[in-house]
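Shared chain: subunit A. Partners: subunit B in the first complex, subunit C in the second.
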Partner chain A sequence: MASPVNLPLSKIEGFILGIVGLASFLGLWFVISASGLVPRQFLPTPLDVVARTFHLLTEPFAGATLPMHLAKSLERYTYGFLLAAAVGVPLGMAMGWFRWLDDIVTPIFDGLRFIAPIAWVPFAALWFGTGIGGPIMIIFSGAFPPCLISAYRGARYVDGKYIEAAQMLGTSNLRTIVDVLLPASFPSIVAGLRVGAGLGWQSLVGAELIVASAGVGYMMVQGQSNVSTPTVVAGMIAIGLVGLLIDVALRQMEAFVRRRRGLA
Partner chain B sequence: MSAIVFENVHRRFERDGKSFPALEGVNLTVADKEVVALVGPSGCGKTTCLRLAAGFEVPTSGRVTVGGAPVTGPGPDRAVVFQQFALFPWKSVADNIAFGLRNQGVPANTRQERVSGIIKLMGLEGYETAFPHQLSGGMQQRVAIARAYVLDPEALLMDEPFGALDAQTRIVMQEELVRIARVNPRTVLFITHAVDEAVYLADRVAVMTRRPGRIKEILDVRSVRAGEQWNRHERIEDVMDLESFVHLRTHTWRSLREEKIDAVH
Partner chain C sequence: MRISRRLVLGAATVSVLLIAWALLTMVTDTISTGRFPSPLQFWQSAKQILTVGYADGTLIQHALHSLKLVIMGFLVAIAVGVPLGLLMGWSRRAEALINPVFLLIRPIPPLAWIPLAILWLGLGDAAKIMVIFFAAFVPSVINTFTGVRTIEPHIIEAARMLGTGRWRFVREVLVPAAAPMIFTGLRLSLQASWTTLVAAELVGALAGLGRVLNMAQQDIYPAMVMVGMAAVGVLGWGTTRLLAEVERRTMPWLTP
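Up next is the complex of A and B:
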């Protein structure tokens, strides 16, 4: 009997399928690593990783425990992301509002934005050092483009009726920008912040692999030098989980903004 | 005195390097505290007339004055009610209404007083803290009208204000507008494509030609309304049933239809 190919699944069915996928992945990993098909140093078993992760939670490795490394990474990340938002959002909005600024900045921006954040590592290290300045620049270069682009789009394509309404209500230019353009662009800005936050977090780890002296990326590099592959995987899991948490938090914020606006 | 005067207004639009006439010699005076409805075939430039009076656009030649002063840009002395309401979705009803007063630097307690006064007049009590998206279309347009009225403008410019509303809400809003105009008469330029709305609401109805638009004919509704005592009737359907109303409506329709039929050839 023929059945429709793409019947929507219930929430429970979807959840179960997700578990099945994850379990198959872990199972396959376990079988390959435990069978001896691949040497242990090349691919640790899931159990090795779990044990190592718990160990790293309390015992320092490369000068710090895993939570301390994470805290260091998050500190750099926060600075880099906030800087990207603080520069990108106002600049993007100004570009959306003033056509001449758009004409000046866009060619430069388009020329630079496809350069991967990790390509900035040599200059970041040269200019800002390998302590906190360099990594901040790498995170900045990852998080900045979405912040700028979404603020630009929000302001550039703002519904003209809001601007006209503001004008006929006698709103000054400055107040139109702060009180009308900014809130009108806000859903777009928040969406851009979310994308920027994700890209920034991804860039951070790349930056730390090379330049840092503490942090999750640094811990992973040290793990590699010591042929401690479980440490490397523990770092990967920490990065993945924190990245997911950041995304979930910002997704909630975005949904909240959209609900308040009556958009969702 | 706050008349709206169009003096030989021309407006051309540029598109693909070509120039198209939208308005060709519009002459129209909306007297102080008078309501003039502008009707015309689609694309005849009636909205352009309103946008010129609002200051969103400038005439190619001729001039538009409000209260004797030439219009140089948008401002709170000429409040606009848009077809799509254009309320700020991030502001509550009360904040939307208070926005223009805040721009004028009206002190907080006076502002409060004027806002709650207009909220009462427009039947918006209890919705002060609601956001626009939580309201029906009719209620949103009440807020938009309140936002314009509260400024005590010299002129009110209404661009098909009820065009986006369903038929029943529309009738309620038309009655409301007549009621409010009695309490607080204003100089109003009202754009509509609904002929009975024009005849019901206006003191005079100006019919435009098809594009490029001119004023083709002006009907005096006020003298008929006074002579036939339309005001005795509370309900819109009773007014619209009167022979004098039907006569004016039919006349306007015929005048409009000539333009539309011509446009096909």
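Up next is the complex of A and C:
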């Protein structure tokens, strides 16, 4: 309580403390599993997990190697996310511009909003099967709401003077949307895409755990039923890493867009 | 005028959809009821699960089971997450120590803990609570942390200058000033809890709404799937409303 609250630490002190924190976490993990306090089958040591991850890079498990599973997951993810963006952004923009569309879509959207994306799994499996269609629908239902909402907000809260200027010049509805609303709400749209990308990736994991026949989530479920804990943890790491990469890429894009518009 | 127009158009949309649903499934048979249930089937399934029961329980039993798990997991997570966020926000040392570990765990989606939870704890309630814990923990820590860090310095300086004691400072300055962000975190945590629970129950469970959905999927019983989804939506809505009410009463100074 002696030092003031918000005084930053020196770089070295922060670095050392970080290392200490990480080391004690990994050390505790290692000691608990290596000492046999918890059976090693259920809590593999960090080294076991690393070894298993490298093993999975070349050796197939549940029908494919880890990179192949990842490729399968990413393929589904790309389709689902692009579909969500391709439907959500234009619809959101249109809802922001046409009041009647807003009044019609909003009650439906509000009614469906509280159903967790994962709860669509049974219908997704029934309608589109478990191969690629079902998971795509789940990713779509995860990524769609943020895409729609951010495009809607972006278009709805555009500075009125731009719209007035465009209308005074007799610009058509379509041109107003494309040439005025779209550029003005671009930052909001990109931010929404980033949120949607994250939620879509989470939904993908859920979909693959439940209905898929390939992909990282499927690999983890197989690892679970074979009591191969290192495989499960390796899958968690792979999912975390890819999710992080997607987020970093979109964050860069967002920062780039904001810089270009002089918002940063 | 505005509101009434909105209300009218909204009500009209919903009724048109309901009528179209009934017509397409029951009169013209354009949509096969093997894939999408008719309103009548939906009603019959709802009656069946409410009175006779489905998947070893009535709807109320399943819903209460799910609700109980969400609340337990959520409470455990925020009981750990909020104090941890306060600590990390308050002390730069604690932040430097804990943050790297936190950064390691944070990118893992909550749903990815499900297989590990089942492996460790089986299909019962303990595994669900573990998964919900991880889902609700992360948002509550991050938002509490941000809430403390964005407190205006002069508030803290004023409290210090007056020689406020440690506990009084936490209770009367730190927590109230960070409260709006803390509640944002709780809302996100609660949503994540619901989603994760439904997923965990779909992967494997002995009771709960996810189990109803899972059984209905296996029995190829679309009407029951729809009843399950409706129940998930209603409960999600209800808990969100409840939390908003708690928020309103806890922070009366924010409501106009």
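Heads up, the rule we're going with is that the second predicted complex is superposed on the first by the 245 of 264 C-alpha atoms of A that agree within 3 Å, B and C clash if a C-alpha of one lies under 4 Å from a C-alpha of the other, contacts with A are read in each partner's own complex, and residues count from 1 in each chain.
To be clear about the criterion, a contact is a pair of C-beta atoms (placed from the backbone, for glycine too) under 8 Å apart; a residue touches a chain by one contact, two chains touch by 3 or more.
Remember, predicted model here, so these are calculated numbers, not experimental data.
With subunit A as the common reference, the superposed partners subunit B and subunit C fit together side by side.
By the touch criterion defined above, A:G21 lies against subunit C but remains apart from subunit B after alignment on the C-alpha atoms of chain A. Put simply, more of the residues of subunit A are touched by C, taking subunit B and subunit C as the two choices.
Within the superposed three-chain model, A:E164 lies in touch with subunit B and out of touch with subunit C [touch as defined at top]. When both complexes are overlaid on chain A, the residue A:F186 reaches subunit B alone and has no touch with subunit C.
Of the two partner chains, neither subunit B nor subunit C is touched by A:L37. In the superposed model, subunit B and subunit C sit 100 degrees apart as seen from the Cα centre of subunit A, a figure rounded to the nearest 10. In the superposed model, A:V121 lies in contact with subunit C only, and not with subunit B. In the superposition on chain A, A:R260 makes contact with subunit B only, while subunit C stays out of contact range.
Minimum Cα-Cα distance between subunit B and subunit C in the superposed model: 10 Å.
Taken together, the two complexes place no residue of subunit A in contact with both subunit B and subunit C. Only residues 1, 4-9, 13-15, 17-22, 25, 42, 100, 103-104, 106-108, 111-112, 114-123, 125-127, 201-202, 205-206, 209-210, 217, 220-221, 223-224, 227, 229, 232-233, 235-237, 239-241, 243-244, 247 of subunit A touch subunit C when the two sit together in their complex.
Residues 161-162, 164-165, 167-172, 175, 179-180, 183-184, 186, 260-262 of subunit A touch subunit B in their complex. Touching subunit A in their complex are the following residues of subunit B: 54-56, 73-76, 78-80, 82, 84, 86-90, 99-100, 103-104, 131-134, 147, 151.
Residue ranges on subunit C touching subunit A, taken from their complex, read 5-6, 9-11, 13-14, 17, 35, 90, 92-93, 96-101, 104, 107-116, 118-120, 149, 153, 156, 160, 166, 194-195, 198-199, 202-203, 213-214, 216-217, 220, 222, 225, 228-230, 232-234, 236-237, 240.
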